[in-house]
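Written out below as structure tokens is the structure these notes cover.
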Amino acid sequence: MPGQYQLEIIDHRQVAPGHFELTLPQQGELARAEPGQFVSVLVRAPESFDPLLRRPLSIYRTAEDRFSLLYRVVGRGTRRLSQFRAGEALDCVGPLGRGFTYRDLSPGAKVVLVGGGVGVPPLVFLSQKLLQIGIVPEVFAGYASSEHVVGLGAWREAGLEPVVSTDDGSLGYRGYVTQVFAERLAQGSVERVYACGPRPMLAEVAALAGRYGVDCQVAMEEWMACGIGVCLSCVTKVQEGGANRWARVCREGPVFDARKVVWQGGS
Amino acid sequence: MPGQYQLEIIDHRQVAPGHFELTLPQQGELARAEPGQFVSVLVRAPESFDPLLRRPLSIYRTAEDRFSLLYRVVGRGTRRLSQFRAGEALDCVGPLGRGFTYRDLSPGAKVVLVGGGVGVPPLVFLSQKLLQIGIVPEVFAGYASSEHVVGLGAWREAGLEPVVSTDDGSLGYRGYVTQVFAERLAQGSVERVYACGPRPMLAEVAALAGRYGVDCQVAMEEWMACGIGVCLSCVTKVQEGGANRWARVCREGPVFDARKVVWQGGS
Amino acid sequence: MDHEVVDLSVNLGGLALKNPVMVASGTFGYGKEFAEFFDLGRLGAVMVKGVSLVPWEGNPLPRIVETPAGMLNAIGLQNAGVDHYLKEDLPFLRQFDTRIIVNVIGKTVEEYARVVERIEAQEGADAYEINISCPNIKEGGISFGSDPALAAEVVKAVRSRTRRPVIAKLSPNVTDVTEVAIACQLAGADALSLVNTFLAMAIDVDRERPVLANVFGGLSGPAIRPIAVRMVWEVYRAVDLPLIGMGGITSARDALEFILAGASAVAVGTANFTNPYASLEVLSGIQEAVRRRGPYREMIGRAHRWQKERSIDD
Amino acid sequence: MDHEVVDLSVNLGGLALKNPVMVASGTFGYGKEFAEFFDLGRLGAVMVKGVSLVPWEGNPLPRIVETPAGMLNAIGLQNAGVDHYLKEDLPFLRQFDTRIIVNVIGKTVEEYARVVERIEAQEGADAYEINISCPNIKEGGISFGSDPALAAEVVKAVRSRTRRPVIAKLSPNVTDVTEVAIACQLAGADALSLVNTFLAMAIDVDRERPVLANVFGGLSGPAIRPIAVRMVWEVYRAVDLPLIGMGGITSARDALEFILAGASAVAVGTANFTNPYASLEVLSGIQEAVRRRGPYREMIGRAHRWQKERSIDD
């Protein structure tokens, strides 16, 4: 069940050029959030109605008493958010959406995570949870360039060693993360893939997983007005029982079974 | 000539419940501001258009390298302004309007200032200037209650001893400032009166000054959209050459010769 | 005074509400999601998302974009159709002690009428809100709501199918909103709700094309409130029907603008997206105002009093 | 490329402008005040505050109020009349290398015509912008701009008095803005400017009366931009005249929305109040865009290209 919370910012810092980690206290239902779920954050100043809408951000990592968001500044909403300081209150609604399914996995299961850019945050949180149930995921993380790298530190602290690629080759492999991921898949023995990133990347990951018959869950993004499932702005086409229908990314997603998503013309 | 300036806030502090003094660096034409002139301040967050309009605030006092504004929080604009911190930049247009005329006075001239509430700020600045040219003004300051008292410290530092009245009697005389002022006027020998405060107070001061044939200048307020004289939102009726016409408070004022203002139905 | 006994009940042309605070169609789904935040029984009524005869697919994406103090939507009235509503949504809503107002949409007069017939057959509504902003496909897609005669036709068709209150929801995209209002009154509407969204668009300056896949969208949110209040004010003077005011309401003060302008009830729309408790905050603020200012019903249209006084003076 | 040689010149139905950035009528006075901030010669044109045959008193106060991302004004077209304009304001404006567009107002068709006659006699304008949003006192105060026939009448009357370009300024308070646009084209307008303000109001919830002494005011500012852009888009497809886009422009990006939607030029209005340099910032941003994207004139209406492409695909 989502709730609305006024959270006093514990910490807020730049973690890469234009990328910030925002740490908030756990409160109410938020403490029960699952990886892949998100919160929607009010970025406008008090008594101002511009910008109007909340901004959806995935949960990046959690601790006993706190959790954090990791975001990239792309427009006026995230720019404004980046100006909030520790001690100020932030209005958050969450946890929202349906997260990744992973409790069905057995300890030691072979799991691969594929993250692209600011698709990384929910996968970091997922890694935390997987490790707790005895699963050590293999992580593939792709970025535009070394400047955009986020999440690596968190993964390494957790003892994971992500395979990194950058579009410009400034760190790790040069090229798309899907290329390295494809090589890994070809080696076999992957039970499940979890992916988050831009839609074209997800489509490619889904196609690859499909080709190898591997279970795949993708966390998607669409523009959201309400974030809670009432406005129908964030829909994406899914296939169910032979028919296509619109599913709400904010409520039925953001995590979908990759096989169900209609990748061509589905939005 | 007014200009637009991005000023880095030097200091910003509460000086009475709900009243703030905001100190800014002198820059460009602002350093040539005269008492009664004002600046108009952009209070919205960057990239936000709500609240839209600037807020006009009088210059309260000046020093070599700085000047300050003194304002009361009355609505969302001033509330938002009160959240700006030292070090942040504030977008100010000014100096605007026509200030008080006082350079025609001789040293030692008998001058009375009458201020009501947040009408006090321009009179403090005027006192500074008068003292510089050898005039020690008598000051009458009225407030709703002792909680709303502002400017007294500044006057006292300058060696002046304002006569204070409060509507509720919580400090100084109980009653309207116009009552004590009327008594002073009756004693004679006043050459000029300068007043700033709510319109009904100004009307009363003007009527009293008129009765005693004393020169009187009033600094007025009206809702302003542009603050520079182009929108005609801030007009007030003045009498000139027997005819009434609208004068723009932001440009032809805010200081007017009290005799010219049409006090009844003039706005 | 006891905080519980403030009487906010109001009768909207036969629809008795315990309080005048509703949620606007399309901004609250069919209630399920908001029921996770609060008891829907606290609302005067829920205006459900538009219901059509057969499922409507809606528009391709992007369907929304933010604008200054507002947003555009081009959802395209996506909905699963009346049968789905009756089977899946109605039973859930019926659990709550609130009124259900079904927003009815159609592309022909016939479609509107048949939606109402189906719902009547199962007593699936406490009142109908006729969304006349739909494109009239027989008239080349022009909105029913932009023509008084077409609007009246829809209202009449629905009127003849039900004894329950019929509310006509007016479009603001007209030269004179009172013309359509009067036409709807004459056609038998019991109440009017206003306003629907303003036809608008945004251009993606980088890609040099409209942002919305549908090109046009409806502007809602605080940006439109001053126009919406003006329309309520005008319609209040022109017709003799209870009005439901909406358009950018975010707080009780906003709601009071509509009430003082002549609305007997209000609906919270876009604000539900940014504050899930907006409707309850509006409600408690109105309660507070009534405690201080006296009976709710006397507040309706009270800002006109001043003008009447003024015209006597002049 | 040399920063100085970007060609932004544009011809608006006979009015040659060195660049397409103007300032909207009523938001720039007659230029005197802004001349303290910058050289008016940098603007493509100045649209002066509405000029009437005799002085107009305007409305009582309050005349303005702020609204979400917008403002209402009910100045009431206060102005000192055409003779005052010619004697006091024109000579000042003529000092600058910019075009002077006189915004003409009247309460009868005759009044509009006579203002233009007076100005013609002294060559006091480079073009006329006919503000048809004025109340037509012969028709009971309804706005000329809300009726295609009345609008055409005014345009014809002015047309017959001058050979200089006549720009009709459209009101957005209509069901179909293209109807009035077409009527103005047929009546001989050389260009159209759109939009004027939206009829709106605000209620003072504490005093329980309208905020503005005039009850109604015109909504302007960023809030209205999406509706204004939509109207420019529609009129661009309906008529064959150059358009001047305005309504909530604060930046070059905002201006480009209008240009891509079909405006040949733009005017900065309310933004002048909050940023005295807004018009110059719009200008330099457009220059920058032209440097990157190619000729200005090819940008006009370019967002429609996409829709044409799309309809071929479908």
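All chains are identified by letter, namely A, B, C and D, in their written order; residue positions are counted from 1 within each chain.
Here, a residue touches a chain if its C-beta (ideal position, glycine included) is under 8 Å from a C-beta of that chain, and two chains touch if they have at least 3 such contacts.
Here the structure is a predicted model, which means the values were calculated and not measured.
> Using C-alpha centres only, name the chain that sits farthest from chain B.
Greatest centre separation from chain B goes to chain A.
> Give the chain pair, either B-D or B-C, that is connected by more C-beta contacts.
If we tally the contacting C-beta pairs, B-D comes out ahead.
> Using mean C-alpha positions as chain centres, tell me how far chain B is from chain C in Å, no decimals.
So the centre of chain B lies 47 Å away from the centre of chain C.
> Please tell me the distance, in whole Å, between the geometric centres of chain A and chain C computed from their C-alpha atoms.
Spacing between the chain centres: roughly 36 Å.
> Please compute the C-alpha centroid of chain C, do the same for chain D, then give the distance between them in whole Å.
Each chain's C-alpha centroid was found; their separation is 33 Å.
> Any chance you could list the residues of chain D touching two or more other chains?
67-70, 221-223
> Touching two or more other chains, which residues of chain A qualify?
Only 49-51 qualify.
> Determine the shape of the graph in which chains are vertices and touching pairs are edges (line, ring, star, complete, other).
Drawn as a graph, the chains make a fully connected set, so complete.
> Considering the complex alone, what residue numbers of chain B touch chain A?
Those residues of chain B that touch chain A are 44-51, 76, 79-80, 83.
> Under the stated contact criterion, what part of chain A meets chain C in this complex?
Against chain C, the touching part of chain A is residues 1-4, 42, 49-54, 93, 222-233, 235-236, 246, 251, 267.
> Report the residues of chain A in contact with chain D in the complex, numbered from low to high.
Going by the criterion above, the answer is residues 49-50.
> Note which residues of chain C are touching chain D in the complex, please.
67-70, 72, 146, 173-176, 198-203, 205, 208-210, 215-217, 219, 221-227, 229-230, 233, 248, 253, 256-257, 260-261, 302-303, 305-307
> How about chain C: which of its residues touch chain B in the complex?
Within the complex, chain C contacts chain B at residues 68-69, 222.
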